[in-house]
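Take a look at the following structure, please.
Letters are used for the chains, namely A, B, C and D, taken in the order the chains are written, and counting of residues starts over at 1 for each.
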Amino acid sequence: MEKQLRKKLENKEILLMTHIVLGYPSLDVNREVIEQMVSNGVDCIEMQIPFSEPMADGPVILKANQEALAGGTKVDDCFTFAAEIIQQHDIPFLFMTYYNIIFKYGEEAFFKRAADIGMKGFIIPDLPPEMGESFLALADKYKIAPVLIFTPTSTDTRMEELASHGRGFIYCAARRGVTGSKSEFGDDFKEYLGRCRAATNLPLAVGFGIRSKEDIDVLKGKADMAVIGSRTIQLVESEGAEAVGPFIARLR
Amino acid sequence: MEKQLRKKLENKEILLMTHIVLGYPSLDVNREVIEQMVSNGVDCIEMQIPFSEPMADGPVILKANQEALAGGTKVDDCFTFAAEIIQQHDIPFLFMTYYNIIFKYGEEAFFKRAADIGMKGFIIPDLPPEMGESFLALADKYKIAPVLIFTPTSTDTRMEELASHGRGFIYCAARRGVTGSKSEFGDDFKEYLGRCRAATNLPLAVGFGIRSKEDIDVLKGKADMAVIGSRTIQLVESEGAEAVGPFIARLR
Amino acid sequence: MDANGFFGSWGGAYIPEVLYQTFQDLKLEYARCRKDPAFWEEYIHLMSTYSCRPTPLTHAENLSNHFGGAQIYIKREDLNHTGAHKANNVMGQGLLVKRMGKKRVIAETGAGQHGMATATMAAKFGLDCTIYMGEEDVLRQRPNVFWMEKMGATVIPVKDGSRTLKDAINQAFRDWVTNVDDTHYVFGTACGPAPFPEMVSWFQSIIGIEAVDQIIQAHGKMPKKIYACVGGGSNAMGIFKRFLEEDVELVGVEAGGHGANSGAHAIRLASSDATPGVAQGYKTMFLQDEDGQMKHTHSVAAGLDYVGVSPILTDLWEKKLVRFESATDEEVMQALDLTMKKEGIIPALESAHAFAGAFREVGKLSVDDAIIINQSGRGDKDIFTIAHAFEDPSWEKFIIDRGKEYSKKHSG
Amino acid sequence: MDANGFFGSWGGAYIPEVLYQTFQDLKLEYARCRKDPAFWEEYIHLMSTYSCRPTPLTHAENLSNHFGGAQIYIKREDLNHTGAHKANNVMGQGLLVKRMGKKRVIAETGAGQHGMATATMAAKFGLDCTIYMGEEDVLRQRPNVFWMEKMGATVIPVKDGSRTLKDAINQAFRDWVTNVDDTHYVFGTACGPAPFPEMVSWFQSIIGIEAVDQIIQAHGKMPKKIYACVGGGSNAMGIFKRFLEEDVELVGVEAGGHGANSGAHAIRLASSDATPGVAQGYKTMFLQDEDGQMKHTHSVAAGLDYVGVSPILTDLWEKKLVRFESATDEEVMQALDLTMKKEGIIPALESAHAFAGAFREVGKLSVDDAIIINQSGRGDKDIFTIAHAFEDPSWEKFIIDRGKEYSKKHSG
């Protein structure tokens, strides 16, 4: 996946990754939203398999997880849907979910099926590398990038350690906290991004609270990819799937 | 008072003492009730000065105490009323009350005023002789009979001790408990009365739960005086003061 | 106590004749127990295995710093089984009842704490149990009633007089004179006819006996002052007794209600409203009118809302061995609030009077000195009163919703 | 515990990266404390002056006679300050927080007991405090909420998911990842990411350490069996830990709710409904569906109503060192009733599960044997649940009347 992203970066100042919660509000709407995202220039999409205990997510994504589950979304549905989407769109897709989904499915079976459908990476916010020995081995075996996370509380040493296990790109959380609310991009943030850059050669994706063109402009030159999460979910809620395309288009 | 009672006993098989609560339902009604009692042959009347904590009284007299106080009855009113009544009727009258009424008034002042109006005795259910040294001395000084109480729990020794302090007559409580509810006059009772008789030469008045001619008939030959308490209070409540005379008349 | 049960000119046993023999038996058994070291040992064993004696002495550092005066120590009677010092007295009397072979106990209760403790003791000792409780107190302390019933006791609401503690006591006496042979009346405080004031104080004296060692260990010397709330006087006597031998100022805090001049209070010794009297079986200072009729009293704390006071305390007051103060309902709520926030401790409303009394004075002492506050009970049983007094909106909403739910159930 | 926080194959620390450094610091400080005898001494001193440790071991003679089997001893964690074993853990973590210099604590709470304990500790140690509590539990345990607020804590009702304990935990984690620098998350039971399971068990182990001496003194030898209820597992680990070294059968009793086959229960280890999983930061047996989504659980006891269980207990279960049973809501109410009537003791609904489990088996043992039941807490805080469950008519009337009074006040 790293290569794919680097290639895209040759033509763009910054890449765009978006986030959807599978099954929220429905797989049909997901399909439409992805269509709009891809055709408006999104470079990468993380598809969250809903989990009942999304401890690292803020209110918007938390609610989306709950409603997706209440609507009957199963892990199997997510795989089937993802297979179809990957077929249709020529950008890298990732699964974002919590470790229990994979653990319960059976780690190797999960990796195998994901590889079979062409999934490029996994983001698992509750699986630090210490807990993921077999996970990381399987990622290697099935060539699926385990995307690891830097945070402002990570020391330089810790960043290096994470970088040594991460593949594809590093997800830099813009701040402490959960997904959703606004981040500040002041001096502290710049210093933090500098530390991230120093710690790894992998592309840097910055997420948490990115909501507008202004936010993205700040990141240009400092990061390789901006991650839009909760914002598009809210947009679909308030204005429908068709609002996503124009919103994405306006971001650059 | 003992002499007065003995004299009456010369002509009667058994004497009758009744009980009224001063100020309940009003002093006017008390006056009428006493009138009816005396003219129908009652031999002795205990007039209760109401107290807020009548711990030895059952529900009927308890309520009468409370209402008398709620109606504004004062100790001074009781004295004034008693003075008038004693003037009018030629039978012995007693004050029945709790010790605090006397204590608070001032023991000697209370005795003096009582003696002045011709009061013959006091019944104080919460003043055992051990607590009444000065009281008994004053009773002696002012020639007011301190009426003491025998109960079925009194041992022979205790009865003798009580008898040595009592004057006028002994009040034999027919049973354990408070005023008001029915007593049984079985074998135990007879044995008890026998013990009472053996312990003292004073006349014996039997009270607690005496309500009818039958009850009184049982006492004839065994006791010198029957005490009607709660029953007449209830009668006044349900049928008015004028019912008291006929009721008393029917008792012999 | 002299042979007639007097402390100075206070006390005695002004009892109906029918109880004479029972009191003789009680006094005899009590005297035997006092002479028998095995009895006290059995008592200590019971209290340290069934309740949690010795109760701790807590150094309230935050409160001490807040007032900047003496070090405040809190004697934690709230940690007793059933949540108050009442357990000490009740378990002691329970052992006595066992020795006397009686099968039934009765008790009065104001705050419900003594009723709870008695019902508990009765369950443990396998005794029948009837509790008399003023109707007004039944309303104020419903949860306690529920638990007493669950422990097998019969709770009888008393509808006479002021429908509070004193009326419950009268009613208990009426029961006792009726069922004197098999029944023991577990008097709940250091009042009533002798030997109750002394006997209850004896059982409660365990508080002070423990505290003296604890304060020496924690503070290295005797405290300057000790504060206890005074309803009937049992928790106060309990902590004071041992310290009467020492050079320590003892302060009893009475219920100031709406204020000393409001007429709505229960200040017997710290105001001139009370006069000597005889009621409920003993002689003491009562809140009564000029005829000797008992007055209505008021306190936010049901357990302090009482017309009389321990004859032992009246004697100590007369001899100036104990000083008396009062705290108003309002001061008490403030003291409660401060204690919760600063120390994470919830005193019973009764106990909060002792806190309020201490808070007024502690700042004047040196930081090298110590005082002890006797926390007679825990306040979480007072939720209905305390949440009510604080007018907590979410509590009120919660109760409204629950009430509607039950209403619907009963109508539907 | 191995270096990665595992007990056998259970446990670990599945935490968001943002917490990495905080966990490093926590593990370091915890390791220092374990090595420092002065820390444990300070802990014991705190618990014996602020709470009432050692808590007593009560010989329940009446219950023992009733069942005619082994002698029943009850370890009285209900007599702790704030009314449950939760105080042990919280005070220990409080000392740790002081050492780490953090200024704010957060906690989840189910029954409200852990929230109460944390709010109390925060007041005592002068810390800011936020408590997360499932909205459903806020309704079940309103009085606790009132007291937490009165002690200065902010209580946040959690409206996500099943609105019970697990959701409160998630929400607390969300707070923690946001305020990681100055905040410590006082985990309430022996679950969650390492080092919490071990650390909480360590603080709670004071229960068993005391009990071992107490049972030898009272009974002369080791007990045959020990019973504890199991929510997260902290009170069970607390009493079991020391006895793992002895030849004593350890029995954990889980919440049977409406029955093992009803789907409405919280039986993780005593039924085959649970499967291995990873959530809330650790690996254990969870009640989850085939996709790994956590199921709704049910228990009359809010504190047992939890999808996971201590990884240490899961390991002991797998190794057959602890046996697991369950008790239904109905059995629990009966056990509670019997215990109140026979012993005058009111177990918390949670604790009553241990009683129910023990009552089923105790009759089969000899009268010369002993068992210990761990009474993790007192039940009087559960008045709203217990009075409700017993459908007590005068309680319902009381609430209806109070509700009307408040309604009138708000409309008038």
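One rule holds for everything that comes next: a residue touches a chain if its C-beta (ideal position, glycine included) is under 8 Å from a C-beta of that chain, and two chains touch if they have at least 3 such contacts.
Bear in mind the structure is a predicted one, so any value in this text is a computation, not a measurement.
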Discussion item. Measuring between Cα centroids, what's the chain most distant from subunit C?
Written reply: A
Item to complete: Determine the centre-to-centre distance between subunit B and subunit C, using the mean Cα coordinates as centres, and give it in whole Å.
Response: 37
Discussion item. With centres defined as the mean C-alpha position, give me the subunit A-subunit C separation in Å.
Written reply: 65
Worksheet item: Where the centres are mean C-alpha positions, what is the separation of subunit C from subunit D, in Å?
Response: 33
Worksheet item: So which stretches of subunit D touch two or more other chains?
Response: none
Worksheet item: At which residue positions does subunit B touch at least two other chains?
Response: none
Worksheet item: In graph terms, with chains as vertices and touches as edges, which category applies: line, ring, star, complete, or other?
Response: line
Worksheet item: Hey, which chains are touching each other here?
Response: A-D, B-C, C-D
Practice prompt. Please name which positions on subunit D make contact with subunit A in the complex.
Written response: 4, 12-22, 160-161, 166, 169-170, 173-174, 177-181, 275-281, 283, 286, 288, 290-294
Fill in: subunit C partner contacts - residues on subunit D that touch it in the complex
48-52, 55-59, 62, 76, 79-83, 119-124, 126, 139, 142-143, 145-147, 149-152, 218, 337, 340-346, 380-381, 383-384, 386-387, 390, 392, 394-404, 406-407, 409-410
Discussion item. Please output the residues of subunit B touching subunit C within their complex, sorted ascending.
Written reply: 51-58, 62-63, 66, 69, 74-75, 98-101, 103-105, 125-128, 130-131, 148-155, 158, 162, 173, 176-178
